[in-house]
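Paired with chain B in one complex and with chain C in the other, chain A is shared by the two complexes that follow.
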Partner chain A sequence: MAGIEDTASLATAEADVTHDAARRLDAVFRGGAGVFSVLLVLIAWELFARSGKVTAFMLPPFSAVVERIYVDAVSGDLWINLGLTVARAMTGFVIAAVLGIALGASMSRSRLIRWFFDPIISVGFPMPKIAFLPIIILWLGVYDVSKISIVVFDAIFPVVTATLAGIAAVDRELIWSARNMGASEREVMWQIKLPAALPQILTGLQVALPISLIVAIIGEMVMGGYGLGGAMMSASRFADSRGVFAGIVEIAVVGYALIKTMAVVRRRLLVWHQETAEHS
Partner chain B sequence: MQAMTQASLRYLPLLLLALGWEVTARFNLIDSQALPPLTHVASAWVDLVRDGELVDNGAASLYRGAMGLLLAVVVGGGLGILMARWRLLDVFVNPLVELFYPLPKSALIPVTVLWLGFGDGSKILLIFLGCMIPVTIGAYNGARGSDQALIWSARSMGAGRLRLLWDVVVPSALPELLNGIRTALALAFILLVSSELIVSQQGFGYLIGYLGSTGAYEGMYAVVLTVAFLGFAADRLYQLLMQWLLQWRE
Partner chain C sequence: MRGKIGLASIALFLLSVSLAQADPLQIRGAWVAPVANWFSMWLQKKDLAHHFGQSYTFEATHYAGTPPMITAIANNELEIGDLAYSTLPIAIANAGMEDVRVIADEFQDGVPGYRDDEYEVLAAGPIKRVEDLKGKIVATNAIGSGVDVAMRAMLRKHGLEANRDYTIVEAPFPAMKAMLAEKKVDLIPTVLPFALDPELKKIARPLFTVHDAIGVSQFIVWTARKPFIDAHRAALVDFLEDSMRIERWYLDPKNHDAAAQIASQLTKQPPERFGWLFTKTDYYRDPKMVPNLDALQKNVDMTKELGFVKASFDVKAHSDLSLIEEAAKRLQ
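Then we have the complex of A and B:
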C-alpha cells in the first residue's frame, strides 16, 4: 500500500481519459464531421421512433422532445431548472477548486498537514462518496446547502491530488534560485510553485468538472425540487417520457458547453506554456 | 516490524478521526441522532450481517455492478480495439463516442428506469452505458499506439487477422485499456449506489435509504461505511491485478 501515490495514479488514469477525450472532441467538432454525425444520430432517432417498432413512451420522436424543450423555454421553467443546476454544480466546483488547491499546497509545505491528510485523501478518493448523501441530508436538510456540499465532497479529491503531484514535480532549481534571490516562502508558492504546477492543477480541475455535474444532478434526483435532475425525476414519476428525454438533451448540452468552456480556459491560462504552442 | 510501525503511523490519522467521531458522539457535541457513536454503528453492522439483510442486498448490488462492468469491458474494449484497426468503423463510431462522452452519466438513470423498470435490468444497463465510454477510449488509444513494426513482423511471420489482434494489438493496448477500466470501476460504484438510492427495491442504496427513512441511523451509517470501504478495496485490488497483468513489461 503506497498511500497517496496510488490515488494519484487513479487521478492520472481519469485525467488521461478526460484530457484525451476533450482534445479529440475539439478536433472532431472543429472539423465539422461531428456536426454531420450528430445530425445523423438525430435523424436515426426520429425515424426509429416513428417506425412503430417502439412506442412513443419508450422513445418519443426527437421532434416531440424539441417541441417540449421549446414549450418549457417559453414558459420559463427551462431557465429556472437549468440555471439552478448549473449554479449548484459550479458553486460546488469553485469551492472544491479553492479548498482543494489550498489543501494541496499546504500539504506540500507542511509535513504535519501532509501526514494527517495523506491517508484521508488516498482512502477517500476511490470511495463512492455519493453513498454519504443520505448522511449529508440528515445533517443539512434537502436544500441547496446539501446539494452543493455533496458536490464539494466529491469534486475536491482530484483537485488535491493533482495540486500535490503538480507541486512535487516542479523543477527544484527554479525553487532554489528563487530562494537564493531572497524570495519568501509565500512568494515561492505564489510565483513559482503554483504557476509551474498549473498544467497539472488544471487537469485535476478538468477531472473534477464532470464529477461536479454528475453529482449535482444525482443530488437533485434524490432530494427533488427545482433543477434539471429534479425535473427529470418528476417527469419519470408521472410517466412523462418526453420530459425525461428533454432532460437528457438539456443535460447533454450543458455538459458539452461546460467541458468546452473549461478547455478554452485551459488554453487561455496556459498561453505561456509549450503545451499551447504544440496545439496551435 | 519496522514496516508495521511505519504503516500504523501512516494510517494513524484515520484512527484519530474514528476516535474523534466516538468522542464527539459520546459527549453529545452533535445530536446523537445525527451522529451515533462509532461503536453503536459497529454493533448495528454486526446485526445487519447476522440477519442477512446486508449480505442479501450487497449480493444484489455486486451482481448488478459486476454484470454492467463486465458488459462494458467486453463491448467497450472490443469496440475500441476494432475502431483503432478498422478505419470505416472509426469514422462512424468515433463521433458517437465524442457525442456521449460529455453527457453526465447520471442523467441516464430515469431513462433506464423508463425502459426496464426498477429491477436488475435497469441498473445493469445504466452501468453498462456509463462505463462503456471510458473503456472504449482507453482501448482505442492503446490499440492505436501499438508498434507498427511489431504488426508488420507478426504479419510477415504469417499471423492471421485474429491472431494478430490477440497476440500483438491487445497486449500493447493493455496498459491504457486497464486505465480506462479503472476509471469505469469507480464510475460503476457511483452509478450503482445513486441509482439504487433513487429507485430500487433492493441493494446497498435501497438499504441505506430504507434504514434512513425508518430512523435507524446507526444501521444507515453502517451500510454507508460498508459501501465506501468496498469502493476503496475494489480499487486497491484492481491495482494489484493491473500490476500482475502488466508484469511482462520491462
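Then we have the complex of A and C:
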C-alpha cells in the first residue's frame, strides 16, 4: 500500500516538474519572441536604409540613429530632454490620477456631483482633447503649466470612467456586510469600495499613462523649448532625420519602460487579487 | 475579326500615348506670405501666361514656412521650391539633396533703399535691448526659416542661445500681432504685408532688423531639382518667361492700383493699405529675376558658421541661371 502511494506521489512530482519546465520554456519562448521580432524589425530597418533605395534623409540607418543617441547622451542633451518630457508626463499623470480617482469616487457617492459631471464626462471622453491646445496656450502660455495642463486634461477621463465603473461593479454583499457591521460611509469607501475597485482603477491608470506621454510630446512639439517633442520638431525643421528618428527610438524606449513599470506596480498593489495569483 | 480587334487595340494604344505626350507639364510652386511671395498672386494674372495650359499647368500651394517645403521637394511633391537662404543649405547639406538648383530670384532683404524685415517688441514693454530677451518667449513662423535663422543669429551675437536662454514658439505670420498684443510672446518677426498693419504699428516697435543680423540677404530664391530641369527644360523656360511677364506687370507703376486691388482680394484688407506694394517700401525684386549669388553665398556660409547646417557649398555650382536668362532673352 505504501509502495502504491510512493509511486503515485512520484508520478505527481514528475508531472509537476514537467508542467513547470513547460511553463518556463513557454515563458522563455514568449519573451524571446518579443525580442526576436523587435530585432528583426531593426535589422530590416538597417538593411533597407543601406540598400540605396531610400536616402538617409528619408530613412537614416538604425546604427546612425543609435550613434546620434550616444552623441546626445554624452553631450547631456538627451538627459535634459528625456528628463523634462518624463517629468511633464508624470506630473500630469499623477495629477490626473489623484483628481480622476477623487472625482470618480465622489460621483459614485453623490447624486448631485454625478448629475453635474456625468454629461461633461460623456461629452468630453470621446473628444480629441488635444484640440484644446491652442486655447490652453492662449490662457496659460507656452511654459510647463500649459504642457502639464493639457496632459491632465487628456489623461483624467479614462481614470474617472474606470473609477466609476470599478466602484459600480463592487459586490453589493461586501458593502452591505460592512454596513451591517457598523462601518461608516467613509470607511466603506476607503476600506471596501476603493480596494475592491482597484483592478479597474489600475486599468484606467494604465490607459492614462501612455496618453500622458503622448500628449506631453505633442505639447512640446507645438510649444517648443526643451523636451523630446521640441527636439524632434527642431530636428525635423533642420532636415536632421537622425535627430527625428533618435527621438522616435527614445520615445519608444521610455514608453515601454513606463508601461512595464506600471505593470509591476499593478502586480504589487494587487498581490491579494485573483489575477496576480493566476499570473504567478 | 481578331485582326480588327488587334488593329483597334493598337490604334487606341497609340492614341492614348499621343494624348499622354501632349499633357502639359504639372508645375507646383510654394508660397508662405501672401503678396510677398510671387506664387501667391501668380494665378491672378495667368492671362499673361501665354504658355499656361499648353506646355505646362501651374498650381500654387501654401506652406507655413520654407522648412516644410524641403520634405515636399524630397518627395517630388513640389517642383518649384520657394526656399530661403537658410533652407537652401538645409536642403542641400542636411537633407542631402545635392541636385537642388537655384533658378531665379524671389526677393532680397536689406538692399539699400528697400524693405528690411523687422523683429518687433511691445512699444510699452520691458524689452529695450536684445539682451533683455533672456528668459523670454520669441515667435517664429517655422524653425529653420529665413526669419528664424536671422533672429537666432542676432540673439547669438548678444550671447543668447535658443532653449537655454529663450523659448521659441512657432506661429503663423497672421497670428503674430495678436500673440504680441496678448503678451503671449515677447518678440515677433514682421514680414510684408503684416508688418505694415496700422494696429501693429500702434503697439509695437522694431528691436532689430534682418540686415542688423545678417546684412544684405538673398532672402528667397526659386529652386528646382536638376533631373526635373533636364527632363523638362523647354516647359520650364516657358514657365519662367510667363512668370517674368507677370512679375514685370506687377512691378510696372502704372499697374499699381490694379495690383493693390488683387492684393486686397487675397488678404481681405482694403486696397488703400497697399500703397507700399512694389515700391521702394517693398522688398527688392530683380526685374530680370536674377538672384544675387554673392549675397546668397555669404548667407549660406553664415548659416554654416552658426551651426545650422553640416557644411557650406559653392552656391554658383548649385545654380542654373541659364533658364531665367533664356526666358529674359525672349522678352527683350
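Everything that follows uses one rule, which is that the second predicted complex is superposed on the first by the 250 of 280 C-alpha atoms of A that agree within 3 Å, B and C clash if a C-alpha of one lies under 4 Å from a C-alpha of the other, contacts with A are read in each partner's own complex, and residues count from 1 in each chain.
Keep this in mind: contacts are C-beta pairs under 8 Å (C-beta built on N, C-alpha and C of every residue); 3 or more make two chains touch, one makes a residue touch a chain.
Source: prediction; values computed, not measured.
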Contacts of A:Ile135 with chain B and chain C, given as first, second, both or neither: first
First (chain B), second (chain C), both or neither touched by A:Met233: both
Partner chain in contact with A:Phe116 - chain B first, chain C second, else both or neither: first
Broader residue contact with chain A after superposition on the shared chain, chain B or chain C: B
First, second, both or neither for A:Ile259, with chain B first and chain C second: first
Contacts of A:Met223 with chain B and chain C, given as first, second, both or neither: second
Partner chain(s) touched by A:Ile251 [first = chain B, second = chain C, both, neither]: first
Touching partner for A:Glu185 - first (chain B), second (chain C), both, neither: neither
Partner chain in contact with A:Met58 - chain B first, chain C second, else both or neither: both
Shared contact residues on chain A - chain B and chain C: 57-58, 137-138, 222, 233, 236, 239, 241
Footprint of chain B on chain A - complex, ascending: 1, 3, 6, 9-10, 12-14, 16-17, 20-21, 24-25, 28-29, 33-34, 36-38, 41, 57-58, 115-120, 123, 126-135, 137-139, 210, 213-215, 217-218, 221-222, 228-229, 232-233, 235-236, 239, 241, 244-245, 247-248, 251-252, 254-256, 258-260
Footprint of chain A on chain C - complex, ascending: 67, 70, 74, 90-91, 94-97, 137, 142-145, 163, 167-170, 182, 184, 308-309
Residues of chain A that touch chain C when the two form their complex: 55-58, 137-138, 141-143, 222-226, 230, 233-234, 236-241
Touching residues on chain B, where the partner in the complex is chain A: 7, 10-11, 13-14, 16-17, 34, 92, 94-99, 101-111, 113-115, 133-134, 137-138, 141, 176, 179-180, 182-183, 186, 189-190, 192-194, 197-198, 204-205, 208-209, 212, 217, 220-221, 224, 227-229, 231-232, 234-236, 239
